[in-house]
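Structures given as structure tokens follow.
Below, subunit A partners subunit B and then partners subunit C, in two separate complexes.
What follows is the complex of A and B.
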């Protein structure tokens, strides 16, 4: 395992651990909740990065995998009495399956057409769950409170879920790193640079793109189940939020697309900024505008994101930042 | 049943005209500069509020207010273009998407701070014509007429005037247009302004017959995506036809199944069209 010697991987993993260890160290429930969101965002952004950063396909409706995983998982826990862990796995696999089924068809579309199609799929699935009675239609599903008893009560369950999302965030980083340094990942990056040329060089692009899509869908499905299990309730409006989907794009872009550390920095930076704006008396009411203005400045002047910018400005860091 | 069907059909058609011009704005911007304008929603929402505020505070007739709002929309669009779009136009598609989304966030943030998210409506009516099941609201009829006039004006502008021809030249081939001495960045700014003008007109018209909040634009923006794809990206007249199709679907489908199934069918149709005919129902085959 030559890859294990890479400093870049360890820097990224260390960054996640540094972010996630806080609540475990001081057992603070409020810190745990904010950190939970950061970990979840790392998973979602890192997954999106496989498609967006490595393959160059802009998926606007990626949140559909998070929502679908949440729905499937909660349905299995609620109606079929499955334990959380297998339900979460089933949620992830269902999302992966959806990506697999959709992949060949919609990945033929390029650029903006693909982006629009992913929006359409998210909205179609949202509208469908709104009408799908086993999933509770527009009211959604509420978890029976007794479910938490098998995990040592609600308070303990929240900690368990936190450990799980922490572990999955680490897994997502390792997955990103492995994809980036594999022959498969090289194929994806060739597609990103020039799809026609990649095909000529022997990359079987439909297959490579589909597997990238599937890989980017599984972990969001798993954390979807975890999040809505923690939440205790799921409804179509919360599960398939298009604006949350776009936030993930923003985060990947902020941190630096196509890098392993990028989504982590993006997640920490964006969520940190949001918390600061929401609590600051000056910006509280216009936090969305301030975040938008900041995003605009970054898009206009630092298009490579934080990691890309650092790598260009400080050559020493090129070895360290994967 | 027969009357109900015809009434729903007419209602749907009339709304379809308004959907059509909203989508036309999106389509025009896409056709000229390959940008998907994610700031379409707040522009429509702010136009709704513009008409509302002029109506409530100055007691201005909504249709006169609409002219003013359209003008503001045009100028606002040009400003947005120079601030947010111009620099990233030749960057990868994600950059323009994020830039327009950033504009969306800024506008929605300011709008929410100013107007909160409580629903408003313009308390204005033009009565209705017809009798029994077959009545048509005056405001919807006027909206459809305004939409038709705006479409006609847009076509006159694009095909019969010098700046309009410049826009079509730039859409066709920017480099060649530049070589012919057309100031392309000014033309692009004008096109973006026209796109936002259309969004503003559509928003203002919707405000005369539907209640709205600052977030109301999102639903219409999604509809516009569906319509634009139906009609073919970059094809304004296709957008109008697409709008009519969507309007009729929204009018007629609820007769046969619960209203909540309408978006399911809309978005499934949307994805299928994208897959089967990405150039749209009325677009040329590539």
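What follows is the complex of A and C.
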């Protein structure tokens, strides 16, 4: 309850609301689609932040949870006639379950070995769906347009999905804040600083890391279902895009890993930058290279990202920026 | 040094956030006017305007992949569409039943070859840009994402470069396909084999495990089985495969009469080259996508005899006479006119992607003319009734609830690389028989 009085939490929530309210106020479908991507990126980046920012584990294959959630959710909607909301929840829980099982195995690895293992997992799950007939194999799955009738037609369904991703973005911010300000979060940050020392101090590191991994997987699984429901089609190449995982790392580091506001600033900043790079005649063909170079600069010079830099340079903001 | 970097980076972040907050998400690309001369004969038919007719500009909305992996094919498709639009506008536009003369303008964005962007951009086209009609992006995956938006906003969308059957089995009523569906890509090759050598019964199918190629070979397998063929091998490979030795060893062990499958250009041409080097002894090889491309001839002798399906080739000569014989209405320019004006406009030979782009515009033009209005219901009804022959081929759509909008008129043509009298590799059309420019080279030497 005391945590609710934190200005940092409210600033972060306000930032998400400020970004997300525009399409609802204007009833603009076009703005909704643009903002949807930002909201989705906030959820994915904030989720990754739990693992990367608080625990210090770099996951190059975090998109696997988004893709798997999308597959499970769409399968349940398409083949089992589940409603969207239950299917999305099931997508999230399945991703959480995968994270739990994987966490037990690969979170014993550290540093580069863990990062490499996460790439392998993404590729393994992509190969699995490519060969798993109930998920449509390489062809994937497509929703019949009739599905949207249950949600008041396609136009209404897309608004419902937007409200949902907006709410989940707010939830992701609250989750980040709660983790950061809990004993569990302190344990994760101790692991980030020195895993051996954390163990000595009484943190049961395998458990803490596994639960951090699970927490970071559930919301991406839910938004995976929402995205592919909106898209109407899923196939392995779209669901398990390694470059999307790398973009999330860039976003978290750009905004400030380990902070609550960081993923929000990173998502808004990166998406803005990306639009600029994509439409700039100079950069449009090398946009990922530029993003990579940016990541390098951040790692070298401002490892704490925009939030960390602002907090250090402008002490008055320390209480405001969570 | 560090301080200046910090300042630079923070300015970059703030600047990009300002762009995100203030500017539009993307910059619309105005379609440049081509310098194409209007064809001398058989321009897209356009009605003559009265002295002072009411005029209206119709916006055609679409995305093209100006960046990303689909850039080459998508750009050609865009060129074809652009040529159609310039020609019809130069010819005076289209006259509606109430005397209004409509001309066309394009509103387009870069979709980055990425499904994430497609729904965002098609929503913008449908709502902010008020596009009257939509054309699909290139590729089945992107078109499937765009179709949801087209149907949702009650906009007719002609798809081109989108062969996958499944998009038309989702209950859409306003999405119409210009391409022959993926399920028909290799079935004609089997008909060709059956006609050439009825004793050839053993088929090995090796295919890239991507969505499009898998759809094609699944349909091929069903068709081949129904025709009594023996599928001795049916195996997928990763689209990024560069070494096919193990797969070719399996094919060799199965001793097939014919090898079919493939995927896209890179893997398909590598597969053809390695098949040739291993000398597996198959009498007939038919692969997807790669053989119709001109660069395929760079394989030299490895290209000789390889058959590939194509949506259209410049040598295909559908004419008014062939329309009359088939009892169809002829519409639009001849293939020769299209080819020459395209070359003049873009300084490159048209491919089937270019022809598909042009055909999409032509289909829409004919439907608007037949409907005599821009009303979605009336134009959709005209599309449902359409049964025409163009330079691109026969156009007719399935109107059943299960497959609405699926292309059922257009057929693939099959090309084969052969040697001319000087020993140079040339692309010949070998199927269907009525459009063939040379008999099939069989068995492969």
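The criterion applied here is as follows: the second predicted complex is superposed on the first by the 300 of 322 C-alpha atoms of A that agree within 3 Å, B and C clash if a C-alpha of one lies under 4 Å from a C-alpha of the other, contacts with A are read in each partner's own complex, and residues count from 1 in each chain.
As a working rule, a contact is a pair of C-beta atoms (placed from the backbone, for glycine too) under 8 Å apart; a residue touches a chain by one contact, two chains touch by 3 or more.
As the structure is a computational prediction, the values presented were derived from the model and not from experiment.
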Which of subunit B and subunit C A:233 touches, first, second, both or neither: second
Partner chain in contact with A:42 - subunit B first, subunit C second, else both or neither: neither
Partner chain in contact with A:52 - subunit B first, subunit C second, else both or neither: first
Partner chain in contact with A:289 - subunit B first, subunit C second, else both or neither: first
Which of subunit B and subunit C A:179 touches, first, second, both or neither: neither
First (subunit B), second (subunit C), both or neither touched by A:130: both
Subunit B versus subunit C as contact partner of A:269, first or second or both or neither: second
Which of subunit B and subunit C A:138 touches, first, second, both or neither: both
Subunit B/subunit C common contact set on subunit A: 130-131, 138, 285, 287
Touch list for subunit A against partner subunit C, complex: 28-30, 32-34, 36-38, 130-131, 137-140, 142-146, 148, 153-155, 158, 230-233, 235, 237-238, 254, 265, 268-273, 275-276, 278-279, 284-285, 287, 294, 297-298, 301-302, 306, 309, 313
Subunit A-touching residues of subunit C, taken from the complex the two chains share: 2, 5-6, 9-10, 12-13, 15-21, 23, 25-27, 66-67, 110, 112, 115-116, 119-121, 123-124, 126-128, 141, 144-145, 147-148, 151-153, 164, 166-167, 169-172, 209-211, 213-215, 218, 236
Of subunit A, residues touching subunit B in the complex: 52, 56, 58, 60, 105-106, 108-109, 111-113, 115-117, 119-121, 123-124, 126-128, 130-131, 138, 242, 246, 249-250, 253, 257, 285-293, 295-296, 299-300, 303
Subunit A-facing residues of subunit B, complex: 30, 34, 36, 38, 83-84, 87-88, 91-95, 97-99, 101-110, 112-113, 218, 222, 225-226, 229, 233, 258, 260-261, 263-264, 266-268, 270-271, 274-275, 278
